[in-house]
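Common to both upcoming complexes is subunit A, partnered first by subunit B, then by subunit C.
This part shows the complex of A and B:
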């Protein structure tokens, strides 16, 4: 029996592969990869030295960081996924992509989305949720293009000439379905204007949905599609059979089923109910073996050809990528253990961990795949194996510098945060001491990142020269038999049968991811008792709401958290531990995930207005050694009162208890509050007239954060 | 380019080769490595036990653990505040030597200057170089408790939670040297005039 169809019945059909679309996606991968990494090293140097922000609002850290993450994940990795999927999908199914026009709409649509990200994020147009910052019109465009991708993908499956779908395609299916679910659920937002919307969810709910999404963006955008690519390109490059079919089955299903539960490990020690936190932790631990299943199946496929790994750039990059994948997926479960997370969360250990994955696994695997595809698609030999080797070592050294410096920085800072002496006081009460200490590590990281960027440019050049030396030939015409009943395997095991029913396979994958999603999300969505309301917690005033939007616009949440964990050192440093009821009016939540600066959950009332005034003008005026950028434009730009009423009424729609009178009178109320702050500033010696400037709205918000409960008599 | 390499299959795994073939990719069917299965099932067993213990069998919640930990530290703090919150003239004498006053200037620069400005001319916080006082009366004995306990409602931090008592005495000694100096560009007087010194 031969399952490749050549000896089977059915009609012999002629077809060809659409490789042109793959070439386009490869070029896009290279361009956006360079852009994403350039942005990455820019923000890395901004952390090492605040001057690199250049006092320009459009390139200040808080605006560029979302652009870096979006570019790296969706532009660089996204285009690489599409290139690799379209290349392998056709070959694994012996069928041309479903529709050439859809492929082209997919390509140009995706590039347009990326360009629109670059044209909105630097201007502060952001939804304020990590890795989902893009505003609602772009969210809709992403949905449309993703559906087009899905139609093209499943259409190809329908027209396949190969009865059974290979493990790579299992992973592609899980990717396409899950990303659609994640994106749509997390992007539920109510528009205020064409460039502004508020998340439908608030506070704890929003946090849960966001990190269910955020973690699974890692899972189903940076892991499952790449595992699928690995399953195609590693055995092809190594000329080896895949190590274990059985392992493929068990690690695929366990990975897909378990991954979706793991999101709450980003919210340990927060006000998320503890059962959900614990689920997040235990499912993360259970994820260790399923992840390693992929690593083993990749690395052991190279068994017997290790000599080629030494010489062949393709295999070399793939072997290292799989090794880093194994490292990152061991570190992940480790970090999700509550007591380890208590130390690592909010520190630089986390960006270190993430980059072990994105650089170590995604970039290096992409490098291997590109070195495989480009010579084939342009009919050429790799221009220089030597350059590929130089790239390999430059990237490796850069990555090691990155990861190690972030381990050191993260653990050092965390130990300083939590140190308490025998008189019961913090050993390092001034947060800035813990920042200054790790700045040298920020330099090491920036240098490591620069090496990674240089390595990428080397590959760019090497592949350009490779393509240039070759030529694109006419698509070869291939022949294969159409599917008919002769390729059915009636006595096959259940899973083998399932591989012959791709649509049922897709439905089962959907069910697998909906189980965990449903159990974690539905109670949060339905139960009103989920959050016990506190009568002291009131909605923001109109001016504070405007200030909050500025907080979101400037990306403050990327360096400042807004949640005090129930830990002694945090309560000593910041004040009362946060409660779920405090966040019920927060659309979107702004808990953040990193403390480059201190937590702000209790900053309201901590300093006088003038402190904030001077601090936003130049942080170093009040905190020597601060690495925070200056925000001078807040002192020039006027508060946009025109949109205020609309904002208030959208908030009303979302369930914030503003009365109609409050909405109607919001502009007057805001102006009155602004005058109060202006008067207070003038009393303390500020001579500049700032009553209608953004700084006043921001101060109003900062002075309100965490006050209602924090300053109330209600005890913990 | 042509695929010119033949599939590499080791002698001892030929019997594991399956008849699957996708674009030339074949599959072996090695059994699951023992250590992998052990990790897989072990993690699930651990997870189940962990969840059941903490959710159903009365394992302490994160909040309960925090409360326990916090109570211990608060007891330490209270003991310290009770003991050291009262001005001790002997200690002050010990920490107001010219050398200590110099150290006090450093403490002032790093902590107090943000609000009281250079040489205490006042900015966010009041002017320390005139005869007007809001909370203290200008003497070390009256300044010390204000620094030690702070005036949280007015933005003056509880410095005993930040500085050691030695540092507070030194800073108070430095502030004494500023008194009556009437720094240029000083903040307008606040509080009550104290004439006694």
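This part shows the complex of A and C:
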């Protein structure tokens, strides 16, 4: 039967669905979801009490935080996406997945990537770019597996028995195309070794590419695939068609076109060109319309079955997920308005916003989808509706505690940072005052996160018992008519025809995202205007370069920014506002997105070497009340000079003006600078053995940050 | 082209992006809400609900 209700001629074919692969992805979703949330609450407690870092380098906040975000986004949500997509895709197209072997390679390849992340990030093997930390061999593996997914996905479309491509599949197509573009462009890096690479972009360019990627990872990994899943599973659960199919078409094209422009709102008030910032802000505000269009379309699909929302766990989780989607997508554009962003950026308000989306929208929608799929795939009834209800309320209360505590913390931080008295001085000149003030909120957040984790464990148990009580039957044989000319609609409207041409549809989706990407990125990539060099700004010395890599390894950028915004209170607190030319040798940029600790853009020369030495040994020796972990291993581990020449050489390739002589003599130069720092430290009683330890390289870098321009006579 | 981009301060580029969006938006909104398409979209919206009752034998 056709979607228009007519019976057509043609060959009646027998087929079955590959549900085993869906089951595998569901199991992986549950396992990785638990891991991601356990990591989340671990780092939440580390912020509340630094002792939880346990003085072990592999589990410090800076190393676990990227693992948490990667696990939550790519492992938990990624596996859930694949489970939901493979389940719905087959049924919407009346076709088995293109190739069983590809499905299995996809599954095991993705799990291998996740395990690789878990084995590298705690060891500090990171590219140093948020949400894109994985090193280049894993980046290549991601590309390969994503292509396999795409082949399997589009191959299924080609073998479909339903002419019309349902709206959910449009969202999947946009996801596959855009994630591929984002990942490839942002992962352009030059390898130094198997575990180390430098971003091809530097400074402002790197920041723009990174946040174009970072924001659209949210858009096209955490939003569009889940909207596709919403358009399939909400009508299924409600047993009603989507409220407005026409609205879904408007929703799709508007969202895909607009979302891609919004990245620069992560860089407001930075040295990114003003036009790009404004563009990011305007399109972010425009996102209100399609986002709420989708949210309203989902919620109104439940019209007439609101009584079931009260009793059916599937609909209950979906209704709450859509509500949180509405709230998060209201808050996002709000935070993109420059005047609001000036208050909220770098504060805890942002993680609060992010988790309203990832927990409220992604986790709760996944819960609804799993409660729908598991009973069907294991031929069972939900083990306990009561447990599902307990999970629902535990997750809701936990999330509210999380979000509200972060709002309070964020606004408190911001007001304290910018408080200036009548004499024009900062009211809270010591940054630590603003940290100590919000530690109670970190405890509330950690408790809220724990409740969310407990809710997940409840679901894990409930679904396990559900599956255990059921049985997996042999794949049922289905029948449907093959597509042939009788299913074509020669007089249909243009968009209707387009919906039957998936490849052209995919190309148009690609064009839609390339318009915004091209307008934002190409000028920044090619224009010399944004990388004008200042004569006072020199490349890092070899030792400073080594120190910078340690800064990246330890994830310092996750708590410290490196960019001073042109605001009175920031200039008073830190020094000269940053200039684009300061970052031309920064591969990758290290501006950060959060100030758990103070900005470091002008930290060079601010304190003596001994201060940094003591601070890294135990931050509380020099800053009472600090929540920063200790970095004792920097005092034991030796500087790896063997790789230095290669690093310098790669930097040279990337355009950093090192001479061949400087590359050749880099090890000697680094050792000489280390001896200078050692001599200085010895004056304050430090042992001479420190000379070849990592702490010396890190001190060299910290003492260099922002000095060239910040301490120069060059005026703003 | 490169020279133009090297001195990029042309607001017409983002504005033209906005115009492209507005034109596309108007076009697909028009096509979507054309009266004669209502029937096919109503049927399309039923696809997720049809799959099992019609296909399982």
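Here, the second predicted complex is superposed on the first by the 709 of 716 C-alpha atoms of A that agree within 3 Å, B and C clash if a C-alpha of one lies under 4 Å from a C-alpha of the other, contacts with A are read in each partner's own complex, and residues count from 1 in each chain.
In the analysis below, a contact is a pair of C-beta atoms (placed from the backbone, for glycine too) under 8 Å apart; a residue touches a chain by one contact, two chains touch by 3 or more.
All of these numbers come straight from a predicted model, not from anything done at the bench.
A.B. asks: Between subunit B and subunit C, pick out the one touching the greater number of residues of subunit A.
C.D. replies: Partner touching more subunit A residues in the overlay: B.
A.B. asks: Determine, under the contact definition given at the top, whether A:279 touches first (subunit B), second (subunit C), both, or neither.
C.D. replies: both
A.B. asks: Figure out whether A:479 sits in contact with subunit B (first) or subunit C (second), or with both, or with neither.
C.D. replies: second
A.B. asks: Considering only the touch criterion stated at the top, classify A:685 as touching first (subunit B), second (subunit C), both, or neither.
C.D. replies: A:685 sits against subunit B, while subunit C stays out of touch.
A.B. asks: Please work out whether A:430 is in contact with subunit B alone, subunit C alone, both, or neither, and reply first, second, both or neither.
C.D. replies: Only subunit B; A:430 stays clear of subunit C.
A.B. asks: Quick check for you: in the superposed arrangement, does A:162 touch first (subunit B), second (subunit C), both or neither?
C.D. replies: Touch partners of A:162: subunit B and subunit C.
A.B. asks: Classify the contacts of A:257 with the two partner chains as first (subunit B alone), second (subunit C alone), both, or neither.
C.D. replies: second
A.B. asks: Could you say whether A:246 touches subunit B, subunit C, both of them, or neither, answering first, second, both or neither?
C.D. replies: Both partners, subunit B and subunit C.
A.B. asks: Examine A:375 and indicate which partner it touches, taking first as subunit B and second as subunit C; both and neither are also allowed.
C.D. replies: first
A.B. asks: Regarding the shared-chain residue A:289, is it in contact with subunit B (first), subunit C (second), both, or neither?
C.D. replies: In the superposition, A:289 touches subunit B alone.
A.B. asks: Return the residues of subunit A at which the contacts from subunit B and from subunit C coincide.
C.D. replies: 1-4, 88, 91-92, 94, 162, 164, 166, 232, 235-236, 239-242, 245-246, 250, 254, 275, 279
A.B. asks: Provide the residue numbers of subunit B that touch subunit A in the complex, in ascending order.
C.D. replies: 1, 5-10, 17-33, 36, 39-40, 43-44, 46-48, 50-51, 54-55, 61-63, 66-67, 69-70, 73-78, 80, 110-111, 114-115, 123-124, 155, 160-162, 164, 187
A.B. asks: Which part of subunit A faces subunit C closely enough to touch in the complex?
C.D. replies: Within the complex, subunit A contacts subunit C at residues 1-5, 88, 91-92, 94, 162, 164, 166-168, 232, 235-236, 239-242, 245-246, 249-250, 253-254, 257-258, 261, 273, 275, 279, 476-480, 489, 492-496, 499, 512, 515-516, 519, 522-523, 526-529.
A.B. asks: Going by the contact rule set out above, which residues of subunit A touch subunit B in the complex?
C.D. replies: Counting only subunit A, the residues touching subunit B are 1-4, 88, 91-92, 94, 162, 164, 166, 232, 235-236, 238-248, 250, 254, 269, 274-275, 277-279, 281-283, 285-286, 288-290, 292-293, 296, 300, 303-305, 333, 338, 375-376, 379, 420, 422-426, 429-430, 566-568, 571-572, 577, 606-608, 610-611, 622-624, 684-685, 716.
A.B. asks: Hey, which residues of subunit C end up touching subunit A in the complex?
C.D. replies: So the residues of subunit C touching subunit A come out as 2, 5-9, 11, 13-14, 17, 20-21, 24-25, 28-29, 31-34, 36-52, 54-57.
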